[in-house]
Amino acid sequence: MTGQGPLKLGMVGGGNDAFIGAVHRIAARIDGEFTLVAGALSSTPERAQASGAALGLAEDRIYDDFKAMAIREARLKEGIDAVAIVTPNHMHYPAAREFLKRGIHVICDKPLTATLSEAKKLVKAAQESEALFVLTHNYTGYPMIRQARQMIAEGALGDLRVVQAEYPQDWLTEAEEAQDNKQAEWRTDPARSGAGGCVGDIGTHAFNLLSFVTGLKTESLAADLQTFVPGRRLDDNVHVMMRFNGGARGMLWSSQVAPGNENALKLRVYGSKGGLEWAQEDPNYLWFTPFGEPKRLLTRGGVGATGVAERLTRTPGGHPEGYLEGFANIYSEAATAIRAKNAGDHIPADLHFPTVEDGLAGVQFIDACVRSSNRNGAWTSF
Amino acid sequence: MTGQGPLKLGMVGGGNDAFIGAVHRIAARIDGEFTLVAGALSSTPERAQASGAALGLAEDRIYDDFKAMAIREARLKEGIDAVAIVTPNHMHYPAAREFLKRGIHVICDKPLTATLSEAKKLVKAAQESEALFVLTHNYTGYPMIRQARQMIAEGALGDLRVVQAEYPQDWLTEAEEAQDNKQAEWRTDPARSGAGGCVGDIGTHAFNLLSFVTGLKTESLAADLQTFVPGRRLDDNVHVMMRFNGGARGMLWSSQVAPGNENALKLRVYGSKGGLEWAQEDPNYLWFTPFGEPKRLLTRGGVGATGVAERLTRTPGGHPEGYLEGFANIYSEAATAIRAKNAGDHIPADLHFPTVEDGLAGVQFIDACVRSSNRNGAWTSF
Amino acid sequence: MTGQGPLKLGMVGGGNDAFIGAVHRIAARIDGEFTLVAGALSSTPERAQASGAALGLAEDRIYDDFKAMAIREARLKEGIDAVAIVTPNHMHYPAAREFLKRGIHVICDKPLTATLSEAKKLVKAAQESEALFVLTHNYTGYPMIRQARQMIAEGALGDLRVVQAEYPQDWLTEAEEAQDNKQAEWRTDPARSGAGGCVGDIGTHAFNLLSFVTGLKTESLAADLQTFVPGRRLDDNVHVMMRFNGGARGMLWSSQVAPGNENALKLRVYGSKGGLEWAQEDPNYLWFTPFGEPKRLLTRGGVGATGVAERLTRTPGGHPEGYLEGFANIYSEAATAIRAKNAGDHIPADLHFPTVEDGLAGVQFIDACVRSSNRNGAWTSF
Amino acid sequence: MTGQGPLKLGMVGGGNDAFIGAVHRIAARIDGEFTLVAGALSSTPERAQASGAALGLAEDRIYDDFKAMAIREARLKEGIDAVAIVTPNHMHYPAAREFLKRGIHVICDKPLTATLSEAKKLVKAAQESEALFVLTHNYTGYPMIRQARQMIAEGALGDLRVVQAEYPQDWLTEAEEAQDNKQAEWRTDPARSGAGGCVGDIGTHAFNLLSFVTGLKTESLAADLQTFVPGRRLDDNVHVMMRFNGGARGMLWSSQVAPGNENALKLRVYGSKGGLEWAQEDPNYLWFTPFGEPKRLLTRGGVGATGVAERLTRTPGGHPEGYLEGFANIYSEAATAIRAKNAGDHIPADLHFPTVEDGLAGVQFIDACVRSSNRNGAWTSF
């Protein structure tokens, strides 16, 4: 929390019972950088009202409709600085557009949009706007992920060769969407999620993370998407082989039907000089093996951590930070960028929050996976 | 964050560079239950001013002196609801007394005081006050610790037999206190810390945790305190054997000179019917072995978690919560209690934040360890 | 060791400095089932002599030539019962043929042969022989692997959906074959290894293990083989997607250029009712998650182990068995089968050592991977 | 296995169903250094006969009585070179004496004897004998334990400060000795085990291991022995604080009533310059933290292993060795020593098998623990 006082935040989506809305609110609050003052928290008016009241919003800052909110907040003297968009995927573009065109900064959940054409339109809208667009691929906010990225950029692994990314979960092992589970309903509904199920919901996280950490560009991929649960309308297990610029190769597995896996995002990168391994469920640790030497445990806040990790660290080694702190790092970088932008300054070069272009790459990844899988796993460029 | 708006918090101590002050501020903020509005952040006036300004406090709510703060805030219509006391140990009692006597709720860091006589006086002051006293033995705020406590209370382990607690760190392996490290300076200074060094700083955490989880009363202990770093004035390694009511036995080891240990608080409890194991550095997991069955991994937010853990949980299984969230649980329970108290209601029975009596037990533990060690490890009751 | 006294064993290959020869000798010895009495330990006569002498073989049982050994031993009254063939791959078929045709039981290292045509000829030779053929896909000898197989066969996981197999190593990260490392030389030499490098040396182990444990038949696969180390003549990293009978899907990764991985064979299997995970470097543990329940740790020799694991277990839980004991289980099952065969009895149904048909499947796997990779990863049946 | 052929081994105790006898036989066999040719496997004649026959011993080498065996084998031209004594503790001395006096080398299980007076007599007997006495404190045979010992001796940890040893098991959580479990019966019987239960059976292992690895001499200890299971006649849980020469301090916990622990011997050593951690259930790994640097994983057979570990290593890194291989290392060192002795050579200086003096120290440790505990945990020297 700085002496300047928090930025004013609005929210679209995230009403009562929405998992990710609550996460965004905590993440916005941890470092005291944002205060929630307005919301169009649901497309159902009563739910919007009830949710806003439960969050202590002033009555006249509770909206039924994100467009009305964008219009009015843009005119208010003390209107919101930024809006968090935490709806299902298909609403990201229509909502973001309204705020971007009025110069209100947008912090948007992933994947960027439900379709590739919308993603491209959103990139254009963001590029034409004065406002910033920040995508909450939150896993890039973990300090040891930042350190991994830096180590690779500085050559600690030598020439990259092999990238193994995986993101298994198990919560859709059975037909949750038939059990009145709202989280499951929209995530398995093509109208709201787009053409990707598991590949869109979590496959994109794995793709974003590996791209962020390695700096590699995916040139082509061969995908085999499966739907194991009877009646499900989107994929629930994803197998992908990948080819990167420079000759490195990779595999990506994401699944929502792998019993025993809660949220087991994991990244392993190997090069001619060493290897790095990181697991989201133990995010404070980074395993580094310089080839020919013993494996070393680098810890957030500990002796092996470098400045790039320390900058995003709140507690000493052994005092674990978690998912919410990683998420908060994206919000705090967004705040720093917004303050710079508002002050007419350059955005500091050491901020690395995901951008609208990263979001487009994610939607291209989904699209390429679906196309490849439809063509029996043929190598597909994007 | 509830619709009622946050409680107003003041802080004593915790100026720039103080580790634990920043932790308290984040913990107070995570759930939106408190907003910091006043502070006597340092006993050095310039530092108090600079720290308050950096935190965005209004000028007239920045104090040089905690007593002046207590007096004025108690008179203000919108004065603070509660104060967080995060000074070195020797200031806990004098500061807490001023707020308690004026009916301002106190949230105080551990150990309770630097001396046993002060601890007793503070208990009296708290008992005589209308205000609440909450001690931030934060490790009791972890959801899986709450679950462990409940499982034991419900008999999952049968009759308790053996308790193994340990809390090794390594940051004082060398003479940090001679290197201008303020954290190390006061923690190794008897005038500010009291008679216990490692035993007071972290041994009390281990003692509090084992007492909280098992519900056992320590009847006597045999301690061997050591100071390994030349020139250090307080213990830096603590060995204790313990005897509990009902016949259970235990060991407690805490150390600040154990290289390779960051903050490795660990608790293991064994009974006639099963065992439980928990480690602070992986706080989302609780290992449970019903005797004669395979070991089971119970996870915060996962299928093995019970209601008592769920109540303090923000994210699903596999989305790790950490130290700050556990700390925030103490603050959020404090907020619930304060709101109940302010409303004239009973304090809900399911709150389990540490109390002033727990703090007294901790200081008695320090005192007993020092006395036992001075008597060559003789069994000492307390 | 039974009262019958050990079986008499010969060995082809495995002279001084050969890693796998020494492993076979220990594995043959652990349970006292075999005693080594003859050998054609090297194709270089002096090395054959020196190696035989070092192993304490009688002079007249040291041969320069496996064919001479087969002929003479078959005629000796006290000739060998069985021969272990531990040469590079290209010699497996020619050597095995000589012993099989003379009724001497064969225990042969993997992969079965260097070429598919030889593999088929060896199957024929084995089928026409009175003698047994045992393939040392040793990882199937681990007790908890046997238990995993049984649990799956009995439906503990429900319908199988996803199989993730991996086998990374790092010892060929640099061009060891250019450094006079004999192990690396022949493994990267197409003339001695066949068309597969990493895929033949360790990919076949992963393939064999997943087939053994799951009972699934691979219907087709899409492979991307890479050679990362300049100058290397065979693949050193293998990516494969797999489709199984009944609709399950899988991935297999094997690598010899992944720094930080010693011998990290790992198998994960997921079905509609649960998941199983096993790692070769911690072979005494099997992780089992019945969907909707906490993960359980099943341990060799411990309470979760079933009879099929117990039968191959020598020490209680917590007294770890390792690679050599797993390998010895193959030898001991071979001994049981040989004794039954020699006695004219049926081979007990509870023996599960790998057979010549399993070896053929492995060579077909190599062949399919190479063909698929050459066709740019096209799905290839086998 | 060397060209010299195996040494001839006899065994006292270890008949059918005896856990440790089977372990000794495998350990003796793994490296081909010993062949079992004679036995007095039980004090019950029929059981001795049946056990000998089951092991394939010649009829005239099966004895009812260890004394008769010692007398006859000493006279035989091809009599045993060495005897393994694997009886309950109270028979170690009477049996060992008979072989030592006749110049037959003795390999004896631990603890050395059931009483301190017998231990002293056995030391004398061993010192007066031409024959070697080897004590199977097998955990000292693990390669990474040898490496830990060497690293400490060479100063890798600086001045030693803190030693934490623990050895919990859970198999006696209930009254197994009342359930016709022979292993439990004699281990809880003072007449056969001596004055120590858990402290003798496994506490001595922990004590031996810490002494072996650190090279520290225990000057005094304070012990609290407990018996938790009703009706049990010996301790089943052991708490000890220790003071070493030079000022280092330690704790030792051993238990047989800690559910969830199979055989969890663990040693942690900390000094002024670093820390080492090792766990018997994962014996191939040694964790080393040079103070101020990241923790490193040293692996048996891997890049961090030194010569002293390599000498006792059979398989490469990642191919786990286990309990039996560690045990076999004691046998193989014994064989090397016996061959040297038989040849009239000096015993090589790099052998580190436990000796009769180590055994005496173990019995002194038991005795001191019992005395201290009887004196309410008073510090007791030994």
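The chains carry the letters A, B, C and D, assigned in the order they are written, with residues numbered from 1 in each.
By definition in this document, contacts are C-beta pairs under 8 Å (C-beta built on N, C-alpha and C of every residue); 3 or more make two chains touch, one makes a residue touch a chain.
Protein identities per chain, from UniProt: A, B, C, D = Glucose--fructose oxidoreductase.
Computed from a prediction, not measured in an experiment: that's the story for all the values here.
S.K.: Which one of B-D, A-B or A-D makes the same contacts as B-C, at least in over half of the residue pairs?
M.R.: So the equivalent interface, with over half the same contact pairs, is A-D.
S.K.: With centres defined by CA atoms only, which chain is the most remote from subunit D?
M.R.: Max centre-to-centre separation from subunit D belongs to A.
S.K.: Averaging only over C-alpha atoms, locate the centres of subunit A and subunit D and give their separation in whole Å.
M.R.: Between these chains, centre-to-centre, one finds 55 Å.
S.K.: In whole angstrom, how far does the Cα centroid of subunit C sit from the Cα centroid of subunit D?
M.R.: Centre separation, subunit C to subunit D: 34 Å.
S.K.: Between subunit A and subunit C, what's the gap in Å when you average each chain's C-alpha atoms?
M.R.: 43
S.K.: Please set out, as single numbers or ranges, the residues of subunit A touching at least two other chains.
M.R.: Touching at least two other chains: 261, 288, 295, 299, 302.
S.K.: Would you tell me which residues of subunit A are touching subunit D in their complex?
M.R.: Going by the criterion above, the answer is residues 288, 292-299, 302-304.
S.K.: Note which residues of subunit A are touching subunit B in the complex, please.
M.R.: Answer in residue numbers: 1-5, 19, 22-23, 25-26, 29-32, 36, 53-56, 169, 171, 261-264, 280-284, 299, 301-302, 314-325.
S.K.: Tell me, which parts of subunit D touch subunit B in their complex?
M.R.: 157, 161-162, 164, 166, 170, 173-174, 222, 224, 226, 228, 237, 239, 241, 243, 247, 249-251, 253, 255, 257-261, 268, 270-275, 277, 287-291, 295, 376-377, 379
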